[in-house]
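Here chain A shows up in two complexes: once beside chain B, once beside chain C.
Let's turn to the complex of A and B:
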């Protein structure tokens, strides 16, 4: 075992989602020696499988004041510290003719009580503000919703943690704990790539595994009952709307349409699933039907807009009652000190909450960690901008590293890179003409940007690259770029066989999302993709051992 | 399923399946690495522009608007239209004095024609070319088309107008700026040809430039104004006088048929089918047995036909080439269909000159290697470009036909007694 492996940490954080990365950042900023471990890739769980909605909190105002208040506070903080991840689109809560307009009055009142600036406006003004909204609406309320990119947000937290000395291990699964009597002293890790088992030691282990935290707690011998509620979403081919559209009624299926980066997302459904199904997120035909039926009510043009894919995530709610839908449950943060709760020292679980409150969850967990470790350092994550967001935004919200005068001469991919990485995009090098070449044409990702992601953002496979850059997330779903990106990746990892396997799992993962919505252009595209990769490249002919890594 | 039973998206750019054939056929992509190509500039870029206009790439100015991408596209994506519309909507560059001068073909023609000998002489002077190159950024490598001493319409009024009504059938000729100010002979040839088959040639009550150069140079208000004036006269001719509109320029024809609707958003569907190229009009008359052509003896020429981009888009080169092939003694050579590079005003601009000549090179080489006496084409700017770049004479098929027919015998066989 190398010396590094024996290194003793103050804190080990389990889970590479927003909460885990945020906790690692907070711990590192407060001077704790921190290790972040993740079994697959950052954002591989619920963080990468949601709406990407920067909630104003309005959605929870009527049913859950506490969550609503937390949301609006964090909303304002994220606009400051994560401006390269936030798109300030604004939001609308619209009342359809079939909805009760009475709900609106109570809704606005509850928003104001929670500190949310909810402003009822004339439906005609709402239509002017967002022409994609159903023109039959009878009521509209403006709220400070927005869009947030969970991939960028999480990676920015990781980069920040690393800058403050944290170590990071992806593709390392916690398979058990090191313990001394009633104290957790470290974690047993399995390297997902080669199966090697090692241990890392720390004074304190923080379980930030989201829904998978249920299982991690079990490994530690304590019980945290999670409530897996599956939510399915559809991704449309382009931005149908530029303002978030919510339905002004009691939260139900498919009532939020979010403009996320280049696309629009309708969601979600909600259905209870058994815990053993949380890694099998298939979207059913019924779910697609519900999303379309309800979605077209708030934006009729969805009926004839191309759908790129369907996906589903699991809400990591902490079970507290028998509500079968999982919606009336509080999305409040749960921070457990297992020493006081279960008599197990050195172990904290941070769970519940949501993407919007990841920073607050991290703050609570780190406050508790500091208290337990006897450190008295204040949290600064609400004040210090994330890496990428240090510069002021201009040009309609894009954080730009270049002087304004030069922007007009930038190509679309260079502008897109600036938008994706904020001030970090200064690290993208366009040294040669080849670096300027575009790999992913739909999402405008250049060779230079991929090289930067490989060098700096923990990218070992194509799916990692997708999450860091949007490679393969566009209209063609990797049809053109997967092969090109594999060529760049193989230059970095020098392993053709692994990359070929990786290419195959990347294409399969793309296909999985396209399958539930495979009609019209998407079906033609899928067929074309299969000709390219199976027919021309013979990818299906190459007998390779199944790559289990992150090919969910 | 219920909600997406029409499996084709109503958003035309979403019909792109990213096959990239358009980029293979794009003449600009082949020579200019700064141009993202039709796929990226068109449907791919459109998604980003819908997100934020900020993502507009000024490199879209390199698009020739040749529409070869649209011809190549198997998914019926209006790639060229998407790019032109994006340029109009998002580009932050406003037209320069040079752009206005190049685009205002009718205004410049009106100003130059009365002084044609002087203007033509001056435009040929090296120091003048140098000044235009450095001040106006009009490339000094470019040879300017000469201006005619007399406009087509003033010739027509003096020599043709009074006799036209006597012909049993009538058609309206959209002459365009080139025939009007630079080369009235083509208009005269058309009158000769049409008269020979028994058609009188009328002019529109009011004709303005078709607007193609104004659209290309982002002078949209001006283009709209001209288009509406043209359409008003066209409607009168088509609906009231029951006449069809014929033209000798493939680009003018294409612009009035397709660009008015797709780029300017002006509904022209009530008259679109009545606007056509003279060769198509004539071919259909011959094909349906309504008229016949009789040719002179002793016509011996080897002629290569070049397909202009907008002719390719119209799909009509078959009419021009079929007519040419009817001429006994005409040794016909079909050139590969590829862009000559000039694209109207595009090739005159200093920043495009090198690309313009690069695009046309394969065509020029093919012409020089085919040992022909003459090149035939339906587009005036292709004519300038090929003449300048190969030294070969270029003529419109209408002029070649007018030269090849025996006028009296043709009149006789068609029982024309005027």
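Let's turn to the complex of A and C:
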């Protein structure tokens, strides 16, 4: 075992979602020696499978004041510390003719109580503000909603944690714990790629595994009752709306339409699923039909807009500790010290909550960690911007200067990269003409950006590259760029066999999201995809279902 | 305007049918939206390449066993054997050299370094009789610097698996450096425009330099030469010191576009009317016959014909369309063969059988189409839109497109005599 493997950490954080990455950042910033472990890729779980909505908290105002208050506070913080991940679109809560306008009065009152600036406006003004909204609306309220990119947000937290000395292991699954009597002293890890099993040791282990945290707690011998709630969403082929549109009613299916980058998202459905189904995120025909039926009420043009794909995520609902039946659900953040709760030292679980409160969850978990480790260091994650969102570009350079000698200062792909990586885009090298070549035309991803992601952002495969750069997320769904990206990836990993298999499973993963909506243009693209990769290339030969190295 | 025959769809099937009709002295028009599946061609045409996931060596043996309802079953073995000898000469007249045998498949090298069965390969495309005994010796895989749609590493893997040594190199010439300055210009079709005349000589010099350096016996290059005709392909070959073959690139497919253009030019040269960029919007049916059609561009002016041929392709070419609830033929709302509800159209695994691939319009044994349950006596469907075959799993799309086209053209010629 190498010396690095024997290194003793103050804290091991389990889970590469926003909460885990945020916790690793917070721990590292407070001077704790930190290791972040993730069984697949960052954002592979619920973090990468939601609306990407920067909630104002208004959605929770009527039903859950505490969550609403947390949301608006974090909303304001994220606008500061994660500028490059946030799109300040503003939001509307609209009342349809079939909804009760009375609800709006209570809604606005509750928003104000929670500190949310909710402003009722004339429906006509709302239509002017967002022409995609149903023109029959009878009420509208403006709120400070926005869009947030959970992929960028999570990776920015990882980059920050690493800067402060944290180590990071992706594709390492926790399969057990090291313990001494009633104390957890480390984790047993399995390397998903080669199956190798190793142990890493720490004074404290923080379980930030989202819904998978239920299982992780079980491995440690304690019980945290979580109930998986599945939510399905549809992605539309272009940015239908520029303002977040919510339905002003008690939260229900498919009542939020969020613009994100080049697309729009409608969601979600909500259904309890058995725990053994949490890795099976198929979207059913019924879910698609509900999303379309309700979605077109908010924005009628969705009926004739191309659907790019469907996907689903699982949120962990946590049972209240004081309810033995497990039916009473705790709505907010749940931070458990298993020493006081279960007599198990060295183990913390942070769960519940939502993407919006990931930073606060991290703060709570790190506060508890510091207390247990006897460190008195204050949290600074609410003040210090994430890498990419600093006001001034680091390394003294300004973001706008690039060694591009001809025609225009900044090409479309370079502008897109700056949108995606903020000031970190200064680290993308355009040393040669080859680096400037565009790989993904839909999303304007260059060779240089891919190389940067491979070098700096923990990219092992094409799905990682997609999550870091938006490669293959556009209208062609990777048909034309996946192969090009594979050609670049193989230069870095020098393994044609692995990369070809990766390409074949990447294409299949793209199809998996198109399959639930396989009519119209999606079916056309699907057929094209089959012709190209199975027909022209012959990739079916190398497609092995057991070869998966990532959650689909 | 009145024609003997009007063909709707200007891809490989429509053009082959049109050319044969013109040569028999008929007055023919093709209405084409301008899109053709040929633009994504692999460098080869398949007759029948795979069965149950296994390669087929003798396509005619398998064709003899296809189930009822398959276009090959409707054609019948006698007809197929009668039509096969027409194929290569027809393409040759159009300026497209095809290499291969009707009795035995050969293998083409794919862009990702796999070998797949093929019937007819385009001139000088990399192909071998058997993938386990490659006759190439040491191979130099030569790319153009900065060209991202060609994958030397994957091709090298395929050749290594077959026991060959190879070495990957790249080079460029000044003419292409101009292209590279725009970040999206390095695509096969753009490169091909520059590789003509004197550039070919410099290209050959670079290739020969690499051959000398690597001691290669054979050169493989991306198919980035000869957009309009085969002349540049021949010129480069003449000047390179060892055998040189091309591997098809990711789209656009250069040889596919060339084939499409050559066929179309040939069709027009023979006197055919090719109405490009137009879409048929409706038809006037009377007594089980289609009398005339209207198009978007021609407006009130209708097109009349004695016979109509539907060659509009599959979903990809919009010969068929799907909504959440149904699959339909979008021009005339002809009867379609669709199995089951939406959940059964596709499989969630892309590489499994996809039912929708076999969807097509309903046809009788002689490819006549149906509308509202009644046969349309003067309209036949050819190629992908005729359905009944899985072009992908069987590797039969090209054969079905060409042979149904030739058969329907024969029918029309015989009937209009």
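The rule we apply is simple: the second predicted complex is superposed on the first by the 517 of 552 C-alpha atoms of A that agree within 3 Å, B and C clash if a C-alpha of one lies under 4 Å from a C-alpha of the other, contacts with A are read in each partner's own complex, and residues count from 1 in each chain.
The rule is short, and it goes like this: a contact is a pair of C-beta atoms (placed from the backbone, for glycine too) under 8 Å apart; a residue touches a chain by one contact, two chains touch by 3 or more.
Note that the structure is a prediction, hence the values are computed from the model and not measured.
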Examine A:239 and indicate which partner it touches, taking first as chain B and second as chain C; both and neither are also allowed. first
Identify the partner contact of A:483: answer first if only chain B is touched, second if only chain C is, both if each is, neither if none is. second
Quick one: is A:497 in contact with chain B, with chain C, with both, or with neither? Answer first, second, both or neither. second
Quick one: is A:252 in contact with chain B, with chain C, with both, or with neither? Answer first, second, both or neither. neither
Touching partner for A:304 - first (chain B), second (chain C), both, neither: first
Looking at A:426 after the superposition, I want to know if it touches chain B, chain C, both of them or none. Which is it: first, second, both, neither? neither
Name the contact category of A:411: first (chain B only), second (chain C only), both, or neither. both
Once the structures are superposed on A, label A:475 by its partner contacts, choosing first (chain B), second (chain C), both or neither. first
Touching partner for A:518 - first (chain B), second (chain C), both, neither: second
Using the superposition described at the top, determine whether chain B or chain C touches more residues of chain A. C
Need the overlap of the two footprints on chain A, from chain B and from chain C, as residue ranges. 288-289, 292, 407, 411, 433, 438, 441, 480, 519-520, 523-524, 528
Per the contact definition, I'd like the list of chain A residues that touch chain C in the complex. 282, 285, 288-289, 292, 406-407, 411, 413, 433-434, 436-439, 441, 446-447, 480, 483-484, 486-488, 490-491, 496-497, 499-500, 503-504, 507-508, 511-512, 515, 518-520, 523-524, 526-543, 545
Flag every residue of chain B that touches chain A in the complex, lowest number first. 1-4, 6-11, 13-20, 33, 36, 39-40, 43-48, 50-52, 54-59, 75, 92
Of chain A, residues touching chain B in the complex: 237-239, 242, 259, 261-262, 288-289, 292-293, 296, 301-307, 395-396, 398, 407-412, 415-416, 433, 438, 441-442, 444, 474-476, 479-480, 519-521, 523-525, 528
Sites on chain C touched by chain A in the complex: 37, 40-42, 110-116, 145-146, 148-151, 153-154, 156-157, 177, 180-184, 186, 248, 250-251, 253, 314-316, 318, 321-324, 342-343, 345-351, 354, 356-357, 391-392, 395, 397
